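Below: the structure, in structure tokens.
As written, the chains take the letters A, B, C, D and E, and residue 1 is the first residue of each chain.
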Amino acid sequence: MNLDSWEPKIVAFLCKWCSGAAAELAGVSRLLYSPNVIPIIVPCSGRVDPDLIVEAFMNGADGVIVAGCHTPSDCHYIAGNFKAFKRVYMLKKLLSDFGIEPERLKLEWVSAVESQKLKTLFDEFTFTIRKLGPLRVKIRGGSV
Amino acid sequence: MINVKMLYYPGCTVKRNALEYEKKTLEILSKIGIEVYELDNWYCCGAFYSLAKDDLMKHISGLRTLIKAQVQARKHGTNKLLTLCPMCYNVLKRVNHMLRENPENLDTLALFMDEEEKYTIGIEVLHLLEVLRDNIDKLKRLVVTEVKDVVVAPYYGCTVLRPREIAFDNAENPEVMDNILRALKIEVIEFPFKTECCGAYQSVFNRKIVFEKSGEILEEAAVRGANIIAVICPLCKYNLETTLLSLGKKLRIEIVYLTDLLSRATGP
Amino acid sequence: MSSEEPRVGVFVCHCGLNIAGVVDVKKVVEEAKRLPHVVHAEDYIYMCSAPGQELIKKAILEKKLNAVVVAACTPTMHYETFARAIEAVGLNRYRLEMAVIREFSSWVHADKKKATEKAIKLVKAAVVKVADNSPLEPVKSRTVRKVLVIGGGIAGITVALDIANAGIPVILVEKTPTIGGKMAMLSETFPTLDCAQCILTPKMAEVARHPLIKIYTNSEVVDVSGFVGNFKVKILQRARYVKIGDCRLCGFCERVCPVKVPSEFNRGLSDRKAIYIPFPQAIPPAYVIDKANCRHWVDGCDKCLRVCPTKAIDFNDEDKLVEEEVGVIIVATGYDLYPAERLKEYGYGLYRDVIDSLQFERILSAGGPTKGLILRPSDRKPVKRVVFIQCVGSRDINHLEYCSKICCMYTAKHALIFKERVPGGEAYVFYIDIRAAGKGYEEFIKRVQEEFQVNYIRGRVNRVYRDPKTGDMVVVGFDTLTGQLLTVKADLVVLATGLVPQLPYELASKLKIPFDKYGFVQEAHPKLRPVETVTSGVFVCGVAHGPKDIAETVAQASAAAAKAMELLYSEYIVKEPLVAVVDRDLCSGCRVCVGICPYGALELVEGKAKVNELLCEGCGACVVACPSRAIELRNYSTKQLLEMVKAVVK
Amino acid sequence: MSEVLNRVVEYSGKNPYACYQCGTCSAVCPMVRFMDIPPHRAIRLLQIGAGALVLSSNTIWICVSCMRCVDRCPRDVAPGVVFEALRLITLRQGIDKLKYEEIPNIEEAPTLAIVSASRKLTG
Amino acid sequence: MNKPNIVIVHGAICGGCDVALANSEEAISKILENIDLAYWSVAVDARLSDLKSLGKIDVAVFMGGVRTSEDEELAKWLREKSKILVAFGSCSAYGGIPGLAALTSPIELINLVKSTITTSSQYKSIIELPKLPELSTYRALPHVVNVDIVVPGCPPPIKVVNEFVNVLLKYIAGEEPIGPLVIAGSKAQCETCPRKPKDLSKLQIPSIKRIYEAKIEENRCFLEQGILCLGPVTREGCEHSCINVNMPCTGCFGPLPGFEDVGLRYIAGILALVAVEREKELMEQGLAKILDKLVDRLGVLYRYTLPRSRLYMLKLSLEGSEYAR
């Protein structure tokens, strides 16, 4: 792979109510941020299956962001954010168990007004991934 | 009776200015079945807890004392470290607390120490008042004489009750000493100046302040009919007494260590 | 999932230059055309305009599209517009997806090439999702036209009356033996100085005689199940030992009762008997026996029973568990005062002449323990000098971090009434800031300061203690404006204690309503949905939601009533159908989903999980949690999300 | 932000900007009447970048770290801790505020008074 | 009629599977009756060369994981040669316990063995390790070649062994194998768990405990007692021999159909449920503290399935291994 032309691929799972709304606000506020981050809107950070994150890595993502509403009480679905926390916390540990940098996965709470925080998150995460370099995947995993 | 063991840290002032306090205290403790072991080669506690975040160096002497206690704790089979002087209590307990809250500081401090073993934050720092409070029933049983004609204003000073994270009673209206005295049938007055500042170490360079602060305490106690102020701190005692002298014995009031009163009630 | 092969149309909007200025829309169209399932793609300057919508409709009909992706702004802006457009030509609205290429691309990136690439990926994701979106119909259920109001203070009373007057039955549950709440304890109300009882008691009486309001006093809600429109609640009605209809309030029983205990209503400033009525205008108008203190259960005393002329006393009365079905629940559980004894420096609990604000209300009240005379509690000496201390507990990280909002005003009111009643009296108020933002409030404060010459001291109090000679309270404080240490001797010290919510944790979790870190109920949206909670069908009003005064409470209560009626106006509850569904063939009955669902929407029926579509809010926590992958979220299925992930990274 | 304020934040870990000037510290301070600047005003001066005025006052040297304002401060600004930082700014320049030879009663004073005073007033 | 033949071949194996097969009289007698036992080095004295000399193979049973180049070669040869290939036992099917070593490099493993050999020091310098076949990337059998039948279990219980032989006989009778067929249920252990609660209330996991830390109540769901049980993510079909002796399921029957990765399902479902009632009170730090009590993550989550996990696949693909598929 030509490292000069390499661009980090980053998927950001944003919950519809807080971080997704922050992304909309970032748009309305014309905050320029890293185009490497592609958002996928989900109902809640609690809807983000660890499988989705691994799927992203397996298909060539170099980093994954999960963003939800602030704990303890901002979650539109009462406590989906805590579920996301537990899942991401364990998945990060597993990633490092398997020898993959856990920094490639980031969980952040971003409220609907924190568009600036979202921008910073996207930019800084892109920078982090740029430093870590590409996560190369040649062939996909399969099943029986 | 099964004796409770405790390590004992006297500190400089007790050994230099308050030997009588120590003597009476140790007597009382032995009466209630507490065996104390004075730390061998005890070291300065640090005298005043440094409040700065970046000033870890100043906690070294406190830590060293705690490590000494840890070593001797194994020998005597107790992790309790008794203090009489409120300043020693304050510093040691706060160093202990700080290490418990920020264990990473322990690693930094360890860099300054070559000989000592690693501190496991297992020492429990106690002040005399806590020990007496926990043995109040035993104290009651020891009463042999009614201490007559004595009206006491309990005086706690600042350092056993502040800051909140090391306090064993509410600093705005503590009741530990009041309860101990009442348990021994000694008359105690309602005294709002229990924790008013006596002037502290200002006595070495600004005696005017000490006279004014301690004067207020003395006067309030006198107005409320006390003839004794019970203290637990050698510095408070010194400040109150020098102030009393400067007032020319106008007030008929005596400054007495708490344990002195206890030993009056419990007999020789 | 639709059974027919997806035929997707992609419509890329220029949004003038908003999108087209950065994103190469033509290229997006070209790329879209190459995607699987896509049979049509085109761009237009304003898709949301009438001609734009016509374009979509025409394409649907001509190309037999069965799914549509509009690549434009956010769905928040125009989902409804396009959904209606496709519905107009017979397509289900859930067969529409929007690719947000404006807010997520053209507006946030300057690099045209990268913005275009990203827009293409967003379109790809939308296409794979819409291809698998099921056409759905809204979920409907019949509603029970009845409302449960929890809490019988001014908030609960207002809600109950508003709703009952509109013809909907109300069940009002109150924990204490009477409705009226804290407002019944107040003397006068700011800023108009109306007598609280005079405005409240007629409302209480109206509640009592309203044919559509059923009151449960001495009662608590102990269980809640069901969902919006169909709640089932269990109410524990504690035994009163006095038959409400038979009691004639003659008071004979009270006179003969030998037990005296401090009166809750007068906050300990006077005594009551073990058989008592909290205050003369209590609703329901009947005595009550306080079992904990009554001697009947100790030594068989039955003096009251013997003198009761109507035989209203029944020692065999028992606690009852009542079940009710309601469509809406309104939480109006109110507040209590922060325990002032936690602030030892002020001597509350140590000195009888240091009292809290509600105690002072009782002293001021004509029906209170001193009949409205301002006497100090310790020796009933007339009070000549009062010190008020504000922010007792409030705005303090050691106690309550928040501002309790009403204390500035009620303290001013206290000071005013005191000055009015005690000619030549002196009043001092220690304060940090004066918060008097309300209609007529600032004027009221100014009046208190100018006309009544209440001495406002900007600063805090060191401590309060008693002068041993005079028995006066000594207040030592600091005036920050002059830098002076002040000592004020006073007959009485009144603490403006902060408010703490009273909603029990268990009840909140049964109602599935979140609360903030202080215990106040969290509203669904702080601006736009201030009386709704996140659980549909549960509303909140009054101090249970946050500190507020009577006027605000009443306004919020009426708002909650209106919201409840809006919900119950229709015979059916209609809900978004984006809910979870269980594949019962895959479910192994492990109960993980039941445990993880925050709404109690899942239960096990015959060993398999089942979703209650009316309770499910569609968060998807269970979908992820199901170890057997037996649960799917409609139109957010794992398969769809996996495909979307692939679409954006490959 | 002034240099003094920066240093205060660094040494003490407390944030003077959290102060809303309620005056609790000045009310509870046992030494306030001997200070030329009362504690709450010292914090205010830090907020407006006039930390130098506080440094040159006697306030920080009169404070005996009794911790009363630290316990009672409703905003955790903890003036008593801030003052320690201010003392250190001077002491770390090698300026001592106590001369042992001038202690009048050094023979009779309890050891802890002398040690404490040197801890607080010398570098 | 010419009897079809069967060969039983070993990869990396402890020998438990042989015992399990031999232990079932019914299975053995049915095999002997209907099939010609052409090769089983554990039971019938034979060498690998005997196997290689067989003209045809109808059924090949592979026990153990694929660890060495020799194993791999053998597996590929069997696939080519036999009509029906069976992955027998959890090692063969999912990787099994030796699969936990997959994350450690072969060189590290060899060095570890070398460093722990104990012998009197005077001989130490002259001791040499026997020549070992080259260790390669650890894989389960289906990972290397396609298999027709999977017989899970560590070792497979008698019931499963018997069922397997019945299936085998059907195939021999002419039914085409519709592989891969797993001789187990398609639902989770919870479906048949003897501890299934009567009232079917919601599941709550208060904390995480290791087995020695708790007095485990019998007849109560392990998870409710804070004991991590892999039942919800594991195929049913075993005889609950662990659960019946008050031990939680460790997952030897492998993942449920439809997803490969036991660990990911577990963190998504069961671990997300931990302390669910106290989330707001514990906050993130508190929850992290509880989750940290799961110390041996791989040993608990992937005891039998690590080589088949998606993260292992990802790792292999990152290393550029040809086995990442």
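Some notes on this structure:
Please note the rule applied: a residue touches a chain if its C-beta (ideal position, glycine included) is under 8 Å from a C-beta of that chain, and two chains touch if they have at least 3 such contacts.
Please read all numbers here as calculations on a predicted model, not as lab measurements.
Taking the definition of touch as given, a chain qualifies here only if it contacts chain A and chain E alike; those chains are C.
Fewest steps needed to get from chain A to chain D, stepping only to touching chains, is 2.
Judged by contacting C-beta pairs, the busier of the interfaces C-E and C-D is C-E. Mean C-alpha position of chain B lies 24 Å from that of chain D.
Chain A and chain C, compared by their mean Cα positions, are separated by 33 Å.
Chain E has its Cα centroid 68 Å from the Cα centroid of chain D. Inter-chain centre distance (chain A to chain B, centres taken as mean C-alpha positions): 56 Å.
Contacts with at least two other chains are made by residues 345, 398, 463, 596, 621, 624-625 of chain C.
For chain D, residues touching at least two other chains, in rising order: 71. Shared interface positions of chain E, defined as residues touching 2 or more other chains, are 259, 265, 268, 272, 276.
Applying the touch definition to every pair of chains gives A-C, A-E, B-C, B-D, C-D, C-E.
Within the complex formed with chain D, the chain B residues making contact are 11-13, 16-18, 44, 46-48, 50-55, 58, 85, 87, 158-159, 162-164, 171, 196-197, 199-207, 209, 213, 234-235, 238. By the touch criterion given at the top, residues 164, 170, 172-173, 190, 192, 223-225 of chain B touch chain C in their complex. By the touch rule above, chain E contacts chain C in their complex via residues 187-191, 196-197, 200-205, 231-233, 236, 256, 258-259, 265-266, 268-270, 272-273, 276.
Chain A meets chain C in the complex at residues 9, 11, 23-24, 26-28, 30-33, 35, 38-44, 46-52, 55-56, 59-61, 72-73, 75-80, 83, 87.
By the touch criterion stated above, chain C contacts chain A in their complex at residues 74, 76, 100, 102-105, 107-111, 114-115, 117-118, 121-122, 125, 512, 514-517, 522, 534, 578, 596, 598-599, 617-621, 623-625, 633, 636, 638, 641-642, 644-646, 648-650.
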